[in-house]
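This report concerns only the one structure given below.
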Amino acid sequence: MKIDLNCDMGESFGAYRLGDDAAILPFITSANVACGFHAGDALVMRATVGLCAAAGVRVGAHPSTPDLQGFGRREMSLTPEEAEAFVLYQVGALAAFTRAAGVALTHVKPHGALYNQAARDPALAEAVARGVARFSRDLVLVGLAGSALVAAAAAAGLRPASEGFPDRAYDPDGSLRSRRLPGAVLHDPAQIAANAVRLATEGIATPHGQVAVDTLCLHGDNPAAVSAAQAVRKALAQANIEVVGLGT
Amino acid sequence: MKIDLNCDMGESFGAYRLGDDAAILPFITSANVACGFHAGDALVMRATVGLCAAAGVRVGAHPSTPDLQGFGRREMSLTPEEAEAFVLYQVGALAAFTRAAGVALTHVKPHGALYNQAARDPALAEAVARGVARFSRDLVLVGLAGSALVAAAAAAGLRPASEGFPDRAYDPDGSLRSRRLPGAVLHDPAQIAANAVRLATEGIATPHGQVAVDTLCLHGDNPAAVSAAQAVRKALAQANIEVVGLGT
Amino acid sequence: MKIDLNCDMGESFGAYRLGDDAAILPFITSANVACGFHAGDALVMRATVGLCAAAGVRVGAHPSTPDLQGFGRREMSLTPEEAEAFVLYQVGALAAFTRAAGVALTHVKPHGALYNQAARDPALAEAVARGVARFSRDLVLVGLAGSALVAAAAAAGLRPASEGFPDRAYDPDGSLRSRRLPGAVLHDPAQIAANAVRLATEGIATPHGQVAVDTLCLHGDNPAAVSAAQAVRKALAQANIEVVGLGT
Amino acid sequence: MKIDLNCDMGESFGAYRLGDDAAILPFITSANVACGFHAGDALVMRATVGLCAAAGVRVGAHPSTPDLQGFGRREMSLTPEEAEAFVLYQVGALAAFTRAAGVALTHVKPHGALYNQAARDPALAEAVARGVARFSRDLVLVGLAGSALVAAAAAAGLRPASEGFPDRAYDPDGSLRSRRLPGAVLHDPAQIAANAVRLATEGIATPHGQVAVDTLCLHGDNPAAVSAAQAVRKALAQANIEVVGLGT
């Protein structure tokens, strides 16, 4: 039994620092690197790819809607053509830095609102998958487990990866509980670690049965993140679940 | 005897149209496509690469300083690290669209202020060349004939291309006469065509002798552009100068 | 009987030109000037206010969502706090130019997606009205006739103005027919002129009765705009409808 | 004897936090609030003006070149028309928030590269002063003591304020020592406090004699800032130098 651990990275911008990428890197196998639309800039991208290369962590693109001021969290009405072109642009920009660093670009995980909208909207999901596939069908496309994005990835000939969130509560239909509701975000490392083991072994309960999970999302943007990551790694090891990179 | 004819393209943005790319494409062999920093966006880039691919015109990147409001014409103090990373980002973004369209990315020509600053400043020129070389040493890097950028391209192991401007007056030292001075920009198709032949056959006169020219810059952003392009093609044909793509 | 004629203006940006503001100015009484979020920049705003001042046309702010690439046409999920602050920022920025030009800022008309979302969503409409009212309760707030924005303007103590579109088809419920449907946008000057007279005299038919119209939107961004504007002015004059500025 | 203490504020943006404005506010009399070009956004501006109003600290605009990614630190070639319009836009945007909060806008201090370029370049200094004066001649314009900006402020009919930097070393000509040189930035609170007293009482030594100082710049963007501010206030009190707002 095995699982990937991913984390969003490179979300600093210009003079602004966000997250402690170096602290969380030892615990993960896949990094989703911001590409300049919601966060990140060319200098941050280069530095982040360098950090990942040195740590042996797989590098993926973390494309977003064009929304720096809103950090990519605002849902917006993109046409499929726009979504496809925006994804392709950002994947290409990041691929220049992986190429310069001599490492592979392994995956793509949409950010924030784009991730959420593509989870629900098949037309948008297909557009995102098309943008990725036009770059390379060897890429893994990460989406919410059970979502339209995972289905679109498979249909586009990409390798889909189903993501689970050990620090989030799920609703009975298998969707993430809204962050606006109490109890939606968990902070207790022990609880997060237990969820990680359950997601890796059982997947997510939905009305249509269990949905398997390929990768777990850890967070690196708060002080408690390292404690949670340590707890998750320890619990997975005790459960004999191997932590390996996406698609390996 | 042969020469390349290049033109800046894809400089529309969002709802804004600039230039008549389709009208000028039949006359050129290399297109420099804006990458989103001074002009262009993901949708414009995709459409422009598509136009070039259909016309059989070579596609290059036209990276800029980050200056959409100023159209990349403002000189700004970039560190070499910034210039290198900005170039790499933009080359990668455009390369995603050439890859999706199944055509090669053949060259890079910096835009506006970045072109001018890199012509004079060896450290900046080296940074631009480094950014291009980190993407691929197979790319041609286009710079002002006789400039620091051409020297840096050669030193970085890239194929340099020296550019001449048939619609611009040159100063005795071989530099372009400032646009602020009278007579700096030529509008007469016959004069532009005569300059094109002279630049292709003799190069540019400088205090250190003649500097050869590999590519001529045509413009596509004004109504008289097509007349000038037609006159240039006719004059080159009459002088038995073959018009072929950069690096071929 | 009287009516205001308004037009969106100052939607150029940097090197990009959009619309022919000077050509349409003689026909209108109120200009809605872009404030830099979907179009316009500080130089364009200054020039546009100058044009309006010279023409004796009333100057209003035309604030948008932050969406330059999408020209403010993408619906996006703004919180009321964001909408209020974005409106206040843009109104203030434009007010600096009216102040410098020695003319009054008379009104505010949200642009594109913000206009449409605020027409339907009372919470967003209240936020927009609050942003305007915090700047000045003397401002007229323009919204779609019969919409939530007009109601919110009145509730906020602002002077509301109900807008009609003589070049658009209306659905039986009084809303604008979607631009995606055939016949949604009219091009015949005679038809547009007849609509202008009917909107000015009868208002818009809705299930709850007729809704009066205070201002008609003309367009300045296409070649046929001047012909339509001429036809509208002539028809209004023949119908003895006085064309006067908003709030006068 | 009296002096103003100013600090740059509101330099957060979107999801990014920068500086600890609340911690430094008790020590200062004038806040220079970022206006969205190098930092700050409409929400940050509103919150920052609210903090200043509650603390009774004078609010000024801190306009910049359009350079979010470079935090306004890159020198760039602006025309005087651009500089004037950019300043006017930003002053107006901030003035909307002071107006909404019921407090006065008291001053303008250019940021970063714009401050430095306007200190040396009389044409740019005049353009900045013109932008401020077109908004209101009642505003204080803050510039480097002895600089072209202070001269331009006086010539434009504004109230100039000469600024000194207690945590910076000065060169013998009265200019700030470049940050790239060792010893340019001081960190010892005692030394900074001693400099503050000397600048307030003696001004800055230049080849043309002493130049008086009206306001001292404190910093709020590092952990040691509060210690330095405390030391400055204590030393000024012991020297019987009254700390009062600009222009009072």
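Letters A, B, C and D name the chains as they come in the text, with residue numbers starting at 1 for each one.
Here is the rule we go by: a residue touches a chain if its C-beta (ideal position, glycine included) is under 8 Å from a C-beta of that chain, and two chains touch if they have at least 3 such contacts.
These numbers come from a predicted model, not from an experiment.
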| item | value |
| --- | --- |
| Chains touching both subunit B and subunit C, listed by label | A, D |
| If a chain touches subunit C and subunit D alike, it appears here | A, B |
| Intercentroid distance (Cα basis), subunit D paired with subunit A, Å | 41 |
| Where subunit A touches two or more other chains, by residue | 41, 69-70, 82 |
| Complex contacts: residues of subunit B adjacent to subunit D | 66-67, 69-70, 74-78, 82, 113 |
| Partner subunit D, residues of subunit A touching it in the complex | 13-18, 39, 41, 68-71 |
| Contact footprint of subunit B on subunit A as seen in their complex | 36, 41-43, 45-46, 81-82, 85-86, 88-97, 99-100, 134-135 |
